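This is the structure, below, for whatever I ask next.
Going by the order they are written in, the chains are A, B and C; count residues from 1 in each one.
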Amino acid sequence: MSALPPEVQLAVQALLTAYCAAIDRRADAYEAAAYFADDGVLDNTALGSPLVQGRTALIEAIGGVFSTMAGLEHYLTNFMVTECSGDVVQAQAYVQAHGRPVAGEAFSMRGIYRLEGRRKGAAWQIERLTFQPFP
Amino acid sequence: MSALPPEVQLAVQALLTAYCAAIDRRADAYEAAAYFADDGVLDNTALGSPLVQGRTALIEAIGGVFSTMAGLEHYLTNFMVTECSGDVVQAQAYVQAHGRPVAGEAFSMRGIYRLEGRRKGAAWQIERLTFQPFP
Amino acid sequence: MSALPPEVQLAVQALLTAYCAAIDRRADAYEAAAYFADDGVLDNTALGSPLVQGRTALIEAIGGVFSTMAGLEHYLTNFMVTECSGDVVQAQAYVQAHGRPVAGEAFSMRGIYRLEGRRKGAAWQIERLTFQPFP
């Protein structure tokens, strides 16, 4: 991976960080979904959530989360690009997440985000984001 | 933000990381305050602390923290440059902090550091550092 | 440190991140030990572990950890290169670690990894990795 250009690594890391910032602001589901490609996939099936695919479904799913959560925090660490060829990149990061529902008890999760990204023009987009809890 | 040079992003991240390392060492208030500009501002008003402005006031305030704390840890994640124009930068990071007072009970906090930085010669300095707790 | 090339900083950070990923996968002690130099040193003496030196001893020690642990997570933050001259680098990172033994209770630790790295060809290797718990 030593040949990975620094600007690519930092751009993909910035993509995931900006997406999590939009999620944690809980303000605008359109803005958060815009970090995905048109047919992007959010895979939280390990948490029992249905697979979400496509911009419209993403906006709806993220909006649903925003309406039920009074607090969200996603702490990203251990960012690592695991594959990069041309305009496609595979990366991962550890995540410690804290959630506080509008109704119900606060919870915490720890796991790995696996990210497939694709360059589109000057920007990078999420093709697929999968959460894998630590066992 | 794709045009942000990697060396600028890493330098501003290194500035905040080095400042927190100096705080967590609790050894030298002059060293910690030196990461600020001459008229730099530390805004922990969200925690009930008075606004601290200027090198002399910063040294005094930081020295006061050092004399009352037996342990400090600031875990920085989710670093993101949100604006950059010339020699001025706006950035943020998530922070999970743990404190252990000389007298009293240990505590933890989670929130966002908002950083205004300015390039001064080859180095970057903190113009303003604001802590905003997660709700 | 402003003259440190971004690709060096990112490569050394990637070295520590990849090593921790290999440790946390608990799958292959050879793979994890391969991030060390031939005569590399793992210094967890602050935890009461004996000093481990050399590839063979590292494989054995890491394999021993894998056989007793059912879960390992090392969250790395606050990465900082503190010295860099030619092909040798000193760096540090904060680490929050969680362990779940096969038998016994889960535990957590917080501290600083101090890393001595050396460039070998296109790659970087760990010369010495020392864990220093926060007081």
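By definition in this document, a contact is a pair of C-beta atoms (placed from the backbone, for glycine too) under 8 Å apart; a residue touches a chain by one contact, two chains touch by 3 or more.
Because the structure is a prediction, the values reported are computed rather than measured.
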Shared interface numbering between chain B and chain A [over half = same, under half = different]: different
Copy-to-copy rotation for chain B and chain C - C-alpha atoms, rounded to a multiple of 5°: 120
For chain A paired with chain B, centre-to-centre distance based on mean C-alpha positions, whole Å: 27
Shared interface positions of chain B, touching two or more other chains: 6, 10, 75, 77
Touch list for chain C against partner chain A, complex: 6-7, 10-11, 14, 17-18, 20-21, 24, 70-71, 73-77, 98, 122-123
Chain B-touching residues of chain C, taken from the complex the two chains share: 1-3, 6, 9-10, 75, 77-81, 92, 94, 96, 110, 134-135
